[in-house]
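Just below sit the structures, each encoded as structure tokens.
Look at the two complexes coming up: chain A is in both, with chain B in one and chain C in the other.
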Partner chain A sequence: MDEIERMVNEVDEKYREGNVRIPSGCAICGYFSKKGRALPAIDAVDAMAYMHDRSNGLGGGFAGYGIYPDFPDHYAFHIFYDNEHAREETESFLKIRFDISNMERIPTKKVYGISGAPLIWRYFGRLEPEVKAHTELDEEEYVCQTVIHINTKIKGAYVFSSGKNMGVFKGVGFPEDVGEYYRLGDYKGYCWTAHGRYPTNTPGWWGGAHPFNILNYTIVHNGEISSYDANRRFMEIYGYKCTLLTDTEVITYIIDYLNRKRKLKLEDVAKVIAPPFWSQIEKMEEKEREKLTTLRNMYASLLITGPFSIILGYTGGMMALNDRLKLRSMVAAEKDDVTYVASEECAIRSICPNPDRTWSPAGGEPVIVELEKEGR
Partner chain B sequence: MIDYIQPDYEVVRNKDLCIKCKVCVRQCANEVHQYDEKRDVLYADNSKCVNCHRCVTLCPAKALKIVKTDHCFKPSANYTTEIIKDIYRQADTGGVLLSSMGTPKDYPVYWDKMLINASQVTNPSIDPLREPMEIKTFLGRKPETVKYREDGSIEVEKFPNLELKTPIMFSAMSYGSISKNAHLSLARAAEQLGIFYNTGEGGLHEDLYKYSLNTIVQVASGRFGVHEDYLNAGQAIEIKIGQGAKPGIGGHLPGKKIGPEVSRTRMIPMGTDAISPAPHHDIYSIEDLRQLVFSLKEATNYKKPIIVKIAAVHNIAAIASGIARSGADIIAIDGIRGGTGAAPSRIRDNVGMPIELALAAVDTRLRDEGIRNNVGLVVAGSIRSSADVVKAIALGADAVYIGTPALLALGCHLCRSCHAGKCNWGIATQNPELVRRLNPDIGYKRLVNLVNAWSHEIMEMMGGMGINSIEALRGNRLMLRGIGLSEKELEILGIKHAGE
Partner chain C sequence: MEIDAKGMHFSELDRLVKGNENDIIINNVMGQRYIAAGAKGKRIVINGIPGNALGAYLNDCFIEVNGNGQDALGDTMNAGTIVIHGNCGDTTGYGMRDGKIFIEGYAGYRVGIHMKQYGSHIPKIVVGGSAGAYLGEYQAGGIIVVLGIGSEDRKCLGDFTATGMHGGKIYVRSRFVPEDLPPQVDVHKVTDKSELAPLVREFCTYFPYDADILLSHDYFVLSPSDACIYKTMYCNRSI
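Presenting the complex of A and B:
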């Protein structure tokens, strides 16, 4: 988009994510092949179209895993730029830290219903050995801080995807239009998650669409959490900066903190953010009771209340989770090696008409699927 | 000598209603009411009246009321009646003025300038009558990291924590300042409620050791009643550095309240004023505090959390940060509006700061320094209702202490005369005749009722916010908005203004 168009489409920055807290309702879906088969992204686009009314045209997006087999060990940075200046500044910042093997505009196509797009680029790079040798941080943390730096310090640049062999594609519009815009028909991966947004603010900023990503984690989330500030203020103790002021951002940070930094197993992460009630814990056998009491007490401020359904994507796995009262709809299904999760069953049946099994996961009970290990 | 001081109150007796039963005469320990047999009249000596309502409440004919006198000095906004009378009083005696309970001065009550959020449309409120609503609270240090054992169970560093069924505890009030029946009521209520009461610095009466599971024992600068059994009798030990009503000085128990049992429990002579030293003489700096914390941990085998209680003073955030690094498990902060059994009036009314500001400053500072999870945070100093509790927790407290509301539940009428030892309600007295008036069988039930009522209200407000677990309310400052506050006040409280 050139400067002339930008002036026409300029949104009021005052209500952008980060300047104001924006609750938002949504549609989500995801599917995962345990055998690691490359599933088409277009199914996710079709499924989201069935839940059209759960979005309001102010944001849609997709995340795919295993989509860049040519660059499996490179960080794939997807970046929005407001202008060429931001691109130049970001590229020079990246190039001294990463050995960039490939850079290009992400292919898109003109679609009715999508306008106001920023410049969208992607880069495949590896951390320079020199940089790696000299930093006090471990590699993942270094990359994470690089992303945070670009997003907060370089005006007009926003990294919206930064994992390996995975990528996020998102924008302002209905999800099915966003999918077409990014030509998702050309992509395949073992896992896809998708999001359609129904925010309560008006402008719609491309960076504010979901999935939200940090390293290899992506989150799509439906709901409005009432524990937000308790969660945010706890995460900020540990150096996370919640700049977008959205639920999805803080949930992603919580999972990153517990799973990546504190090495908690994902099923235990689920027990921290959506724990059983004390009355249930008291009835459990002693070992389980002690474990859950300890986790609830030590990470008390990471308990999330209020309605949510989330799908977490990560390298080699997918986890779906509802809040403990199940205040948001979420249905799961299985067919052969593929597990499906969606806000509504119709979305699953639109792409998998005869699943082997469908069920409604209980509040706080995670659905976790991972790639089958070789030899099993 | 001329008595310059005219009474503050007048006893009004409706002669048409009065049946001359003389209950008022028998009930008033201050000897306000007198009966003149010859003339067959009841009259009142207003100068002795403290306005405690004992006579009014017990008068079977409802013939009595107490009114503020309209006798007045020439009005002045500067030299008010109170100031003039205080000067007369000091000219009479040459002494430091003493008073009791929380300051009556009109310092801002920030609780009343904060509004609570509720859910509408975008997320649902939760109905506490139909859904579980959790208010159980743990107090103490939290471990940060988890290790998995081979069998999948987890291993964490263990720190002693207090477990509360509701985030409310009874503040430290010593046996001596209040009666044994008052202590007994608090102990039994704490037991029934699954919370804790606090011995204060007066030791623990031998009859109350059986409430050990719901007791916090206090160690203050006077070390009254402190011995090994005492330290091990409670579930936590509180080091009292300061108190909101009298920052910078020690406890003060007038000699007239020290009878044989108080004397034995405190391990001090009868009838002498028990005035605790202003500082702990083994704590002249923060590193000394660490030594006392660990001495107490050694004495109790590291099984009990150590609470350090401080008064809210100007540098509170830095002080709390120091305490959080001293090995203490819980910090208790007491604000300027907190109660007392006896304090110098000038200190009570002029030293310290409101608990709301202290709490917000401390919680923010501990988070900024990354040490908030090292300690539990308990606040005190005028928590008057369940709404105050909700606001305190949303600002960042783990739990609250209540003192004055507990005494009110026992019948206290806030006449602020505890230091005189003649409490007509049997609470702040050691006179056996008066103590008998407080029946612990009734008293403990009233305390249980009060705390249960507050707990229900807390759950209602949480449900309205769409929160079903108290930990999701803790530090959740977005749930609060200021009303009529300046930018600076909002900044310190860390909240937005209503409408933002």
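Presenting the complex of A and C:
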């Protein structure tokens, strides 16, 4: 798209996240091969089409893991730019810090229903040894802070994917159109998650579509978090800046904080963000009761209230979780080595007509699947 | 008539269902919402997975689903019967006013919440398996039966059952006395099965279970106690 076309399509500042509130209802779906088989992305695209009416065309996106086997140890940065200036500034910022092996526009195709796209680039880079040697931060934290810096300090640039051997593809439109736009038919990975958006509270723009990502974590989310401000204030103490004013972003940072930094197991992360009620904890065996009491007291500000169903993607695993009251729908299924989760069973059946087992996970009960380790 | 719903949008399917004869088989259903919503006088067989709000506001149809139901099935239905040869999602029978829902397997969270009854209009839900949390929350009338088939060795009701219940009844086939109920709800062992028996017998006409055996077991019934001050405030008054 040239500059003139760009001016015509430029997103009106007032429609950015945070400037408008639209009260309103999303679809999520994910699948994971425990054997690490490369599953086609197109299944996720098709499954989302069966839940078309859960979205309203203001956001769709996908996250895939194991999709860049040629660059397994490089950070794959996917970045939206509002203009060439933002790209130049970001590239010079990145090139000082990363040894970039490959940079390109992410291949897209013209699709009816997708317009107003930003410039979309991807970079495969490793942290420069010189930088790595001199920073006081560990490598992942350094990369995390780099992403936060670009997103908050470089106007018109937004890193929407920053993990290794994984990637996020998202935009404004219906998910099946976004999938076609990014030519997802060309990608395969051991895990895919997907989202169709029906924005509540904020309008839709490319950066605000799901999945949200930091490092290797991605989140797709259906729901609305009423504890957003309490969660955001707590996370800001630890240097996370919520730039999008949407609730999903903060969930991504909470999981990064608890799992990567505090080293909590994901089962325990689930108990922090969707804990049992005190009345249920009181009836538990002593050991479990003490543990849950400690977790709830330590991370009281990370309790997420309000309705949600989320799918977390991470290197080597996937976790699905509902709020403790199960105020959003979630169905799970298994067939051979693949586990499926989705807002609606029809989405799963569209990919896998005859699963070995289907079930409805209870509120607050995480469904966690991980790659089988060799020798197990 | 038969309808092939493969790839069909719900609005088109709705048009076909409502505009056609009364005996309909719909094949390849995959998530289409609002099937038979508000419909009357039809007999519909659904092969596949119907979408959310199947039979919402139903005005007397007989619907049989060969597959699992999704969420909000029978939402606010007024009359008719829905039979599910499978499991059912959350908020099944939400705010039901009359009619019957029979589910072979388990049902999700918040089944039968806000059910109400008036005069001879008494809605009924029978769940073959177990039921999720908040069963009968704010129930104001009607009858819910949970048979707990396959859960004989454990509790078949979820947490927070009957929260805010102020009318109607919940029957449960179980060896375990339901615990942790809200203070305004009484639980009794069932001695008179005259209200329960026809529902269990009808359940067994759709699914391969023996009514006599099921009825020979222990049941408990949950109902609002006299301490429930709202019991006759909005409903259950003699007419």
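Keep this in mind: the second predicted complex is superposed on the first by the 363 of 376 C-alpha atoms of A that agree within 3 Å, B and C clash if a C-alpha of one lies under 4 Å from a C-alpha of the other, contacts with A are read in each partner's own complex, and residues count from 1 in each chain.
Going forward, a contact is a pair of C-beta atoms (placed from the backbone, for glycine too) under 8 Å apart; a residue touches a chain by one contact, two chains touch by 3 or more.
Since we're looking at a predicted model, the values are computed, not measured.
Colleague: Contact-wise, after the overlay, does A:269 reach chain B, chain C, both or neither (first, second, both, neither)?
Modeller: Neither partner.
Colleague: Give one of first, second, both or neither to describe whether A:305 is in contact with chain B, with chain C, with both, or with none.
Modeller: So A:305 only meets chain B here.
Colleague: Examine A:362 and indicate which partner it touches, taking first as chain B and second as chain C; both and neither are also allowed.
Modeller: A:362 contacts chain C only, not chain B.
Colleague: Give one of first, second, both or neither to describe whether A:333 is in contact with chain B, with chain C, with both, or with none.
Modeller: neither
Colleague: Touch test for A:228: chain B only (first), chain C only (second), both, or neither?
Modeller: Only chain B; A:228 stays clear of chain C.
Colleague: Applying the touch criterion given at the start, work out whether A:278 contacts chain B, chain C, both or neither, answering first, second, both or neither.
Modeller: First partner only, chain B.
Colleague: Could you look at A:53 and tell me whether it touches chain B, chain C, both or neither (first, second, both, neither)?
Modeller: Touch status of A:53: second partner only.
Colleague: With both complexes superposed on chain A, which partner does A:291 reach: first (chain B), second (chain C), both or neither?
Modeller: After superposing on A, A:291 lies in contact with chain B but is clear of chain C.
Colleague: Count the residues of chain A touched by chain B and by chain C, then name the partner with the higher count.
Modeller: B
Colleague: Shared contact residues on chain A for chain B and chain C?
Modeller: In the superposed arrangement, which is not itself an observed complex, chain A uses residues 325 for both chain B and chain C.
Colleague: Applying the document's contact rule, which stretches of chain A touch chain B when the two form their complex?
Modeller: Spelled out, the residues of chain A in touch with chain B are 21, 23, 25, 200, 223-231, 233-234, 236-238, 262-265, 268, 277-279, 287, 291, 294-301, 303-307, 324-325, 327.
Colleague: Can you list the chain B residues touching chain A in their complex?
Modeller: Chain B residues touching chain A: 119, 122-124, 126, 131-132, 134, 136, 138, 142-146, 148, 153-154, 156, 161, 367, 370, 372-373, 465-469, 471-479.
Colleague: Flag every residue of chain C that touches chain A in the complex, lowest number first.
Modeller: Checking each residue of chain C against chain A gives 10, 30-31, 33, 48-49, 51-52, 68, 70-71, 87, 89-90, 106, 108-109, 132-134, 158-159, 180.
Colleague: With touch defined as at the start, can you tell me which chain A residues reach chain C in the complex?
Modeller: 50-51, 53, 280, 283, 325-326, 329, 331, 344-347, 349-350, 358, 360, 362-363
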